[in-house]
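In the two complexes that follow, chain A is the common piece, with chain B as its partner first and chain C second.
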Partner chain A sequence: MPEAMALNVKTSDREASTSARSLADPRRASRVVLAIFLAPALLVYCGLTAYPAFRTIFDSFFTIEGVEASFVGLANYRELVADETFWIAVRNTLIWSFVAPVLDVATGLLLALALYAGVPFARFLRVAWFTPVLLSYVVVAILWMWIFNYDWGVLNVMLRAVGLDSLAASWLGDPNLALASVIVTHAWKWAGFNMVVCLAAIHSLPREVLEASELDNCGWGEKLRYIIVPMLRPTLLSLYILAFIGKMKIFDLVWIMTQGGPLWATETVSTYVYKRAFNWNTFDLGYPSAIATVWFLVVCASVVILNRLLGTKERLEY
Partner chain B sequence: MAVVTDQAARHAVMPRLFSRGALALVLGIYTLYTLGPFLWLATMSVRTTAEISADHYAWPRPFHWEQFRSAWVDSDFATYFWNSTLVVVGAVAIVTLIGAAAAHALARYRFRGNRLIYGILFSSIIFPPQITLISLYQILVDYNLYNSLLGLSLVYVSLQLPLTVYLLEGFFARIPQDLFDAAKMDGYGDLEIFWRIVLPVGMPAIATTLILNFIQLWNEFLFAVVLITDPEKRTLPIGIRAFMGDHFQDIGMIATGVMISVIPVIIAYVFFSEKLIRGMTAGAIK
Partner chain C sequence: MGLRAIGLAVLTAASLSSAGFALAQEKQITMWSNWPDEPAKKDWVSARVKEFEANNKQCSVKLSFIPKADIYTQAKSAVRTGQAPDIFYMEPDQPEFLAGGFLEPLDSYVDLANLEDWAKPAWSSKGKVYGVPVEAYTVELYYNKDLVKKVGVDVPASFQLTQAQFLDLVKKGAAAGITPVSQGVGDRPFPGGQLLFESLLRKLGSDDYAKLLNGELSFKDPRVVEVMNWVKQLVDAGAYPKSFATLKLGESHFYFYNTPGALTFPDPSWFTGRAFAEPEKGGMPANFPLGIMKFPAMDKGDCPQCKTLAIGGSFVMFSKSKNKDCAGAMLKSMATPENGTKWIGEVSLQSGLKSDQDKIVSPRKDYFAELNARNKDAKYFFGTPLLYYRAKCADTYVQVMNNAFPAGLLSVQEAAEKMDGACLKK
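Right after this comes the complex of A and B.
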């Protein structure tokens, strides 16, 4: 955002000039004023984000049944390493986190390009393609459970209509198909979001470059490959990271559609934590706290590594 | 000569026409894919379950608008709707006010630890929800806020705080300093400046965060399902999910309930689509 940068430069100039007359510096405020502005937000942050996070980490060294907490050291973590279900959940979540963002971002970019190229009814199409983003996971999950229904779901009805009866399947009931089915559902919801971001990014590209390429008789394929994609690189990368983080946290859709089944085929780390903490009657909050702690570290580390690896200079936004 | 150019022209036109047609077909199919399920849902919401069982894809005739009355009154969707409204409106109002105050202080004043506080508030955006979820459950139980709409609202405030501060800080930082200098000369105090200048001038950005926070919280599921078990206190997402668990076969009524939850979001989007999209794109474009 060049204009923002220009403004930054301007303000820092002004900072230099005003520091001379620091007494009346309008950028200074008394501690009381700062406290009034910042205290409520910091209080909410400390009480409802920082403290619970630390408490979860602390709890992971205990076995907690109701109000009874007994220190068990690293026992929860040792159990975790040997927990097969946990590793299945990790595998599923990682498959999802690496595969799905490619799908989401690529679809989003193609849709944005179609709109940018000026297809007819672009206004209508933009709204139509964006609609799924607005729907809650509960709504999306219910809709797609119906679409995947074995007897009357759209998918099987269409397959049978064209004579491909043998391909009709129990999409969410088959361990081999369930994860892919849920991933497709998730991509359905998020493609529109990626489209809107890509479209805004394309529109903010310098016009001269695109016009120059048009004068040079650059075809769409070349324009895409040599101009648009390289110039959109930062946007595409942050979209990828954003999608990646989202997938590491995925819970709602899986929980409603399959509850992690069949046979742990769609179990994610989030659904497993939820099951261990609130769904199975194990009455122990220590072990799920350990899973949450491990996953918290994994997510934070992944974001740092991805940022480094993909060479985004700026800090991740959103 | 004439024939050659004619042929060349036809060669150029034919593939273009073909690719245009193929493109239109692909886009048409994709549109059907995104919009179709939603339209299917809309038709089912005004059909009775018996009609749906007879044919899942028929056009509603007649339109059973009384399904909405029945979902609203007999199936408790009114309760869920008002619970959602209370929790979400309360949380959005609080998070906007305290987020704006913090964003203003961070954007306008120079003090030690400014960037540190910003970083701390902002970084929790990447936290997986489970890291706070289990403890929040314990904390709310300790403070008698478990199964309470107030408790859920407070949690929602903390969930949306990072995004709110991030979006508003970016916007407030671009309000020209001259405005503040002039206000100071006129004898405005720091609080007056926030109340009478920053909030009105920042209205476009505030509207963006309002609508973004509203839609995200209206659709929130995980924290609600953990922190609310009392059927009387359910919000719409968990209410629908619970209804679906109990009345798995009653597809018509489920569809109607789902539509009730979707309508406010669609209305919000119709009126504020530009603002919503600006908020969503603000983070990802550099």
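Right after this comes the complex of A and C.
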């Protein structure tokens, strides 16, 4: 009996110890424990991400008028192919997605280099350049709508002050300028974020490599081209892909500044989805769901392709 | 038996007391109104709610003032999920709410005899009325008497310039460095089309204009092209502000009667909502030389005396409201001739509620006299373009006629092709 008791005690000790280890190491945790810990996050994910996504795909096969829904198969997708405004929105969104990130990252890198090189008032400039990141899109949009105002906007006032009256323009009212104007506004807002990331990356570069380049009489230009930018490549790529994904969904700034106008010149896929869902005197969510579904797939595919194209398997050794 | 009797008595007492409690319990209804930035209208709505609460102790109203675009967006989401307020602001240009079954017919709640006969059709469907049409308006051409005189134009006794005279006014204004027409489309989908469409109405007459708005008449019709050519001339002569694309409605008011000042301001007669606010709240200066002229008469126009009349701000009841008794009582108390009279006096704007002209008390009697004089021989056409246009056609109107064409970004032919492509029924 005592032996049996000792065995029981040892067994229960072992179980307790296994249980403690399983809690400490999730890889050893039982499925019940895993389920308990994952359930809250899974519930939130399912309720706020997965369900809306699947529901959007589901709705895209229906026409929904008020509370009535009728199955239309692929009709919404067929209509989409022939929708001129959709293709304008796609073109504009692709311009946003491929061009604007270059501007964002390049501006951030230049600002970071300026700080790294020790420009006067660097501390003040670091804060000043980062401040727009903290502003909401509404504030930024209104601020730049004032800057772009034809009559009294600071941009045109400055142009007129230096005798360049002919260059003064209705920046947001001209279809040839509106998209570029909104892209510049967006770059201004996010330059500070890219600057901070680039600056951190520059500071983490190995000093011996930079010093070696200086010993080899490498000038600033060469150092930037052959040393700094190549070593920052992973950071810059990450920033570009992040910016790319953000731009594929761009909405807020465009909606506040131009609502997609003039003449659809700044229409993006997101603003078009919103218009079709809320501004077209209809309650039909089927067609906008079809646009959202197509664009969801395009964004996913683009990110995979970009990762493949721009990513590198070569690891830098230093 | 004794126990059973006692049990029944307890049950009855409990039922009665809970019923009494429910009766005594105050019901709160929610109400969304537009006009957060129009003090006179805001005050009128607030006063109606206070009066209702004072006379109906069992009902209280949670009133919110929300900008129009936001109300529409929020209401579109809210009705889908059954979360809409009991009463909300709506205009007849959002027919999808009625078509979707989200509005409650008001016939059994509101005394329909208190609504103007011409206002009811805007909210009628299948013999039922679905909205309380508080606000009605005509599309007017306001002008600055002093500035117009200063540029050398005399407004005739008919208060209606010809096509050529209006073009001359625009040219003289532009030459004097004064913006001829204060107008912007920064936050509204309609203002840029007002001058063109009011002119088309006067050129085509009511019947053909209705055909145009219903997609049964082409924008390439020679009469339409003729009017568009004339508007293009105005645009090219510098009629609109250079900041036209971003100028908001509220800002265009300020532009007209404060800085920098403009000769004319085409605006529905809800003009007064902003203009008659205190000057320090962005209203019109007390001594502003406001005049109202008629939109220009078109050469060989079919109907120079035509003008647009429309129903604006109205209140509707959500069909799935759980407090229809209180909501109905609220709308009933709002829809009375007394309130129509107060609306006209306090807001200085027409109403779809019946009113007693003799009892109107208004510090703006002169304005009213002038407005009534301009409307005296008017032949009304009901509804602005966006009341007729739907979906792609409406979007094209917003982008082309409201924005690009008056901004000088499109030729007459391009604009006509785009409108026909989206609106003309094949």
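Criterion: the second predicted complex is superposed on the first by the 280 of 318 C-alpha atoms of A that agree within 3 Å, B and C clash if a C-alpha of one lies under 4 Å from a C-alpha of the other, contacts with A are read in each partner's own complex, and residues count from 1 in each chain.
As a working rule, a contact is a pair of C-beta atoms (placed from the backbone, for glycine too) under 8 Å apart; a residue touches a chain by one contact, two chains touch by 3 or more.
Keep in mind that this is a model prediction, so the values were computed, not measured.
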| item | value |
| --- | --- |
| Of chain B and chain C, the chain that contacts the larger number of chain A residues | B |
| Partner chain in contact with A:148 - chain B first, chain C second, else both or neither | second |
| Partner chain(s) touched by A:306 [first = chain B, second = chain C, both, neither] | neither |
| Contacts of A:85 with chain B and chain C, given as first, second, both or neither | second |
| Contacts of A:282 with chain B and chain C, given as first, second, both or neither | second |
| Touching partner for A:170 - first (chain B), second (chain C), both, neither | second |
| Partner chain(s) touched by A:33 [first = chain B, second = chain C, both, neither] | first |
| Chain B and chain C contact sites that coincide on chain A, given as residue numbers | 278 |
| Residues of chain A touching chain C in the complex | 65-67, 85, 145, 148-151, 170, 172-175, 258, 260-264, 275, 278-283 |
| In the complex with chain B, residue positions of chain A that touch it | 1, 4, 7, 11, 14-15, 24-30, 33-34, 36-38, 40-42, 44-45, 47-49, 51-53, 55-57, 59, 111, 114, 119, 125, 127-132, 134-139, 142-144, 146-147, 152, 154, 157, 188, 191-193, 196-197, 200-201, 204, 234-235, 238-239, 242, 245, 248-249, 251-252, 255-256, 269-270, 273-274, 277-278, 285, 288-289, 291-293, 295-296, 299-300, 303, 314, 316-318 |
| In the complex with chain A, residue positions of chain B that touch it | 23-24, 27, 30-31, 33-38, 40-41, 56-57, 97-99, 101-102, 104-106, 108-111, 117, 120-121, 124-139, 154-155, 157-158, 161, 163, 165-166, 170, 173-174, 177, 180-181, 184, 190-191, 194, 215, 218-222, 226, 237-238, 240-241, 244, 251, 254, 258, 261-262, 265-266, 269, 273, 277, 280-286 |
| Residue ranges of chain C in contact with chain A within the complex | 72-73, 76-77, 80, 93-96, 99-102, 186, 241-246, 260, 390-392, 394-395, 398-400, 403-404, 407, 409-410 |
